[in-house]
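Next come two complexes, and both contain chain A; in the first it sits with chain B, in the second with chain C.
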Partner chain A sequence: MTNSLLWYATRGAGAVTEILLTCVVVLGILSTLRVQTARWPRFLTTGLHRNLALMTLVFLALHIVTAVVDPFTNLGWAAAFIPFASSYRTFWLGLGAISFELLLAIVATSLARGWLGHRAWRLIHWLTYAAWPVAIVHGVGTGTDTWSAWMLAITACCIAAVGVSLVWRLTTSSRDPLAAPRLDFRSAVDRREVR
Partner chain B sequence: MTRLLGAPDVATPLPRAGHGLIDQIEKAGLLGRGGAAFPSATKWRAVAERSRGDAVVVVNGAEGEPQSHKDRLLMISRPHLVLDGAFLASRVLRARRVVLYVGERHDAARQAMLRALGQRTEPERATVTLAAAPARYVAGAETAAVHLITEGIATPTNVPPYPFERGVGGAPTLVQNVETLAHIANVARGIYDGTTLLTLAGGVARRGVVEVPIGTTVGGAVSASGGLRERPRAVLVGGYFGAWVEPEVAWRMPLDHRTRLGCGVIGIHPASRCPVCDVAAIMRFLAAESSAQCGPCFFGLQALAGACTRISEGGDHPTDMQRLQRWTVEVRGRGACRHPDGAVMFLSSALQVFAAEFANHGSHHNMSQIA
Partner chain C sequence: MEITRIEARDAALRLLNHLTTGIAFAAIGAVGVLAAVSAATIPGSSPAASTTGSSNTTSTASSDTSASSSDSTSSSSSLQGSSGVSAASGGSGVAVSGASH
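Presenting the complex of A and B:
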């Protein structure tokens, strides 16, 4: 009974992690688009993005811990941290480990952003575009519930949400309202020609 | 008494100077005269520690403060003294390069510096280059000077790294105001006597630059330049990044760096002018001088200037007065450089000193409309 409870917890936490991670990615993309309305100020996007990211890690930890301590799977801790170290479903679990470590790197560098500097932080943050699809493939590949109607619906919604916001992001030019005045000032104090 | 402006400018040999000069500067209590009043000895030590014979000395004569003239006057009348300070810094800090950063519209100052440079020794001359500071308010900021000399664009940059860590071309760099360097040359010769240059502006009999001992009161400085022309309503101490002070208070107030002397501009606001209209105009200027790199500075100063302007035009003002109070707090400390902080300090003091004028400006405005 305990064992099956752990197994349910692993599957449930996995599904919740997929939903949360998708929300974080979508909010991240929306924040670069500077989306805002009268009822949805911009800080809400970034605040939710940050808090849901931390919550994702909590559910991800639950997902990993319950999977590892489940005596039935006999995974071992190495499988959670070292990609492709697991003998059980080596490839699919390896993808999970990779995605987990990318997310750790992204969150850790975000917490240390002041110390790291904006440029380095931004560069590492681009890894999100690798972590998210790897996580989705991990879920589809090894998920117990992958082909059940409700899980298919969740995964399809997640892919659609990120897909739509990505297309929106790529087809919209920067909405940085500072871009034009910044460029104006820069050209007013630009003396590269003179030298 | 007037060690800077009262003495002849001649190319005399530099005194011997080593690390001990930094201790002398510290003992003299010398603070930077560009506006920030940062202790010069601390700056020199920070560069000296990091220099491996590759340091850079930037002689800051950008003087972007609209009312200030003292740096220009000093470069015109004592160019050798400024160069003395620069070459002493170059020796003590083991610098490879000296850059004269002079306002691009200050032709007389640049020519005077170049003429003096032509009379110096060849080894000294060989290390010097000239850079023109764009005529914008923020171009005189340390990081903007470094950015212009290195990359040709005079926008302020984020700190750290500070110029003493990574400045011109990545080398440890001393950026020092021209007046500070001139005082340091006198410190090295043992003849520094604690004076400061002031630019008197507004309702004084004779506008311009005076040299007075630090600690002179505003009243004393005004008398030194021939007294008042008009009855004063308030005094702006320290230029556009300074603070407004009631004239009775200012008159007895000793000018030193505790009273935020800043860049040394003393503006006497005559009672005949409307302070609200003038404050609004200066806020519009400061908003337009934001380099638009940080949102709180660009949007915050624009919003503040907008509210001031609406009040000065007799518009919807109770809400705008509340907004001004709230926004001045929200903008402070939120830029990469000090531009927004200086602007809100100016405005906060204006709201205090001119509280009555701001509250009753509607009627003044209507009256002037009729007249």
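Presenting the complex of A and C:
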């Protein structure tokens, strides 16, 4: 395999990872909104969210492996796991390493959710809101194709998708029919514990 | 009623499997397509150019007079090759930059 092929694969896998990660974030936001129809039950959103998250890690691994084994940049494996350890584009690749580790932590804790407990899992899961923009900035900063029309279109669509989902999430109240009773119950329990 | 709910759940699970499989294959295909698009838009350097770097660019200018016709064909077929001088240069020597990753 020539160096150029590795480099093209790195760029292709990076773009696909960006798209998949965006889909995961959007599905995660939609799952909190409890979006469902007759043909699209809620568990489908969470199931697809989980499957795509695992798929994202696979393509992220492809992106990292092809970048590391490409002899041109001579990155070394340390650069992929230790932020800012690379001598080549230190800052931008450091952001990529940070995003990778955040994603790894999010997926690992999601797989161990039953053992970890809901509260800790949820706190760690909030890191997604940091991992996604860091990944986007990494792509914009170090991407060879950043200013190519097709990559600009992909990045713009990704940012727009997450932006619209976030606005929808923030402007829509919870559709949980048990939200109010649950809050009342929690308040009652708290009052009883105080007494 | 209960059977309908079970059937709906099974249908949704089938849809989940189909969607996951479809997206996985689409993503694999997208890597190939986007790699091809990126290669077409910014081809970058050939392996030879990337390993030898810019040191070759200085040597081509001095050896241009002895460049044979075979040299010119080999340099034109490679992607931003750093060796050889093209025939169109008229013997004046054309310095080609090395790697542009």
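Quick notes
Definition applied: the second predicted complex is superposed on the first by the 179 of 195 C-alpha atoms of A that agree within 3 Å, B and C clash if a C-alpha of one lies under 4 Å from a C-alpha of the other, contacts with A are read in each partner's own complex, and residues count from 1 in each chain.
Everything that follows uses one rule, which is that a residue touches a chain if its C-beta (ideal position, glycine included) is under 8 Å from a C-beta of that chain, and two chains touch if they have at least 3 such contacts.
These numbers were taken from a predicted model, which means no experiment stands behind them.
Looking at the shared chain after the overlay, A:77 reaches neither chain B nor chain C. When the two complexes are overlaid on their common chain A, residue A:91 makes contact with neither chain B nor chain C.
Once the two structures are superposed, chain B and chain C can be ranked by residues of chain A touched, with C on top. When the two complexes are overlaid on their common chain A, residue A:185 makes contact with chain B while staying clear of chain C.
Applying the stated contact rule after C-alpha superposition, one finds that A:168 touches neither chain B nor chain C.
In the superposition on chain A, A:8 makes contact with chain C only, while chain B stays out of contact range.
Considering their complex, residues 177-178, 181-182, 184-186, 188-192, 194-195 of chain A touch chain B. Contact residues of chain C toward chain A in the complex are 8-9, 11-12, 15-16, 19-20, 23-24, 27, 30-39, 41-47, 50-51, 79, 99, 101. On the chain A side of its complex with chain C, the touching residues are 2-4, 7-9, 11-13, 15-16, 19-20, 38-41, 43-44, 47-48, 51-52, 55, 59, 62, 71-73, 144-145, 148, 150-151. The touching residues of chain B, when paired with chain A in their complex, are 132, 134, 136, 139, 144, 148, 151-155, 290-293, 295, 298-299.
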